[in-house]
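In what follows, a single structure is set out as structure tokens and then discussed.
Chain lettering (A, B and C) follows the sequence in which the chains are written, and residue indices restart at 1 in each chain.
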């Protein structure tokens, strides 16, 4: 708690933490948007969400190690993860999509373990990063440093989000997805190929995660076992915001980024993971406690 | 008679196995641990429908509490921390006393934790419960890794097994066998009582159970306490067997033990008495084969195995048998004329 | 004094007033009907009575005791039970087990939770299964029964619980018309032989006129009329509400 004193003595650190947190929070919001999409449309909580982020990160890192700019990694990871998502849907997800929720949680948990161990074998458990080389901005008499790549990442994350929202609102496929989300059976009766809708939804989600992973490896690091933390972050954001609430997802994502940034500083980096997972427990209990006044439970 | 004969045969086989195959003693000890894992998970997940990924919390808790009790009873904290395993081994009597007290303390701690945590977490339903418990298990590991008193991230060494208690493998093999047997018999008794039907009712439709006036909270808490009680004891024993506690990889190992217990129960058949035992056996053998032949890729293969079992065989061995031969499980239409005959 | 007394009960969901100052009384030992067009607030009233959600205003008294602040299981243990519109039974348990676990829980002590059911419970379960006509299916999983049989099982479970009063949400909905008479008959016998007071939501006019001694009619969340079946049958407001005249 010594760091609290520092924070009180020099409030400018607060600005630094807030900016860091908000910039990374946009990426959290992007991944959470994908999770909300799959959850809302397919009624699946995708536990391997974080592994898709990690996969996108490693693809970008691989390109980077071959001398290709990490920015190229964003579209490449998007496309590759779309294919990975499609394949996963065809092999596994389509068989669990209309089953008990716990079955799909466990199946995607299995995929998550499979992918993290696979990456562990291929890339070892070391931490990797891909330097975009954009330099750093200095604000407030050099008291606050902002790497440009984080700003670019923030903007790109929001742009991907905007494109997706437009796709959902304007395109035929987007309409079909929204219709399926509201009532899959009715959509099927009205001639929508829900199987295809599910495949596209799941693949788009994987692709979003891939793009987010590319941003993560540029602004931060990628590591084989980091996936679950991203899954849990997305889950928390969706639980706080609600499934169909896009502005809520953005606000909750940015908020989580800021909260993590402060927690990392105050508690020390070694408690960062502990903070995320404890926060998950606390948020769920708190939400449920609030509902108890109306004699309801989270479901 | 038939039942008694069956149980006697199984008991004889289980008692003789480590003597007949001494090189497999440690493997057998792990097998009994897996049986305890699967049985305790199934009590909450299979029989009550509360699918938990966080039962490993009690395992880790038991491991740490037992180790700390053993350490603080007979060793100086400073000395133990610096010299770790190179200290003199305890006299067998002290070792056993420390271990029993440790196990008792861990069981008490687990039950208390189950009551306190259960009051909040057991009110969550379905997937929210599953993910909350997942968070609980991992958070516990990460927090344990930051506490210096229990060795923080570099882990905690447990007291060395003393001479004079026989072979270490045999000792722990029988200890874990006893635990597995007691767990099995206690659960068997519980499932035939009112408690068993009540948690089954909660699994099938908790809203209905509440509407019928069941004390759902009480039943749920008791089930979680029972599960935690045996897991904590298993954890304490395993800590002494392994000799070293890593917070994330052995104690609160959510991604391995935490998932395995679920998988074993499903593989054998959720919500049945023998299912978890069968599932644990099949799983343990499979896992050992993977370990022997897949050098390094075994964990990848385990991930694939989870997906395959969950997707293609979610009903498990016992579930399959029940659907295939419902008569054997007593699900048949009885004509009214039978009534006189059966009474 | 009435067994159940609802006074000025109101409940709204996000601006929609589902129950608007509803009062009704259920005297001990009677069969009372509750009718009204779809969306008139009947099920909301049921849910308020059995504690599914808190009421916004008003009081609900059962056996003279205020219950609107109690939770669902507490109210059930007082002897006020409900059945569901979408029938709910324990699908993966056998019919006998469904019956056994439905014994009254009001006086259940901790030690009792770990004992087996005494022989009386078994005999009673068999007797009630015979009463509802499911004796031969007693060893089948409840989830494998047909919808109508599940309805009967749910009714049997409610009887097993020995309630003072039973709230039935559309007991004949989705039932084969030839079985409906059987259900009416069993409801009347439950009332007469077991002394259970009944409050019944029903859309089938023939059933409710045949069954109830007194009928309340709701429309648009308000109490429209109440009286004996003959009075209700000829009440112009009730006819208008059902035929859609405004």
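Convention: a contact is a pair of C-beta atoms (placed from the backbone, for glycine too) under 8 Å apart; a residue touches a chain by one contact, two chains touch by 3 or more.
Because the structure is a prediction, the values reported are computed rather than measured.
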item: Longest centre-to-centre distance from chain B, chain (CA-based); value: C
item: Chain nearest the global centroid, as defined over all protein CA atoms shown; value: B
item: Pair joined by more contacting C-beta pairs (A-C or B-C); value: B-C
item: For chain A paired with chain B, centre-to-centre distance based on mean C-alpha positions, whole Å; value: 33
item: Chain centre separation in whole Å, for chain C relative to chain A (CA means); value: 47
item: Chain centre separation (chain B, chain C; CA means) in Å; value: 42
item: Set of chain A residues in contact with two or more other chains; value: none
item: Residues of chain C whose C-beta touches two or more other chains; value: 71-72
item: Chain A-touching residues of chain C, taken from the complex the two chains share; value: 51-54, 71-72
item: Residue ranges of chain A touching chain C (in the complex, touch as defined); value: 293-296
item: Chain C - residues contacting chain B, complex; value: 50, 71-73, 76-77, 81-82, 84, 88-94, 97, 100-102, 104-106, 108, 110, 112-117, 126, 135-141, 144, 157, 161
item: Touching residues on chain A, where the partner in the complex is chain B; value: 45, 92, 95-96, 99, 101-103, 105-107, 109-118, 120-121, 228, 232, 235, 239, 268, 270-271, 273-274, 277-278, 280-281, 284-285, 288-289, 292, 297-299
item: Chain A contact footprint on chain B (complex, rising order); value: 51, 53, 120-121, 123-128, 130-132, 134-136, 138-139, 142-143, 145-146, 153, 255, 259, 262-263, 266, 296-297, 299-300, 302-307, 310-312, 314
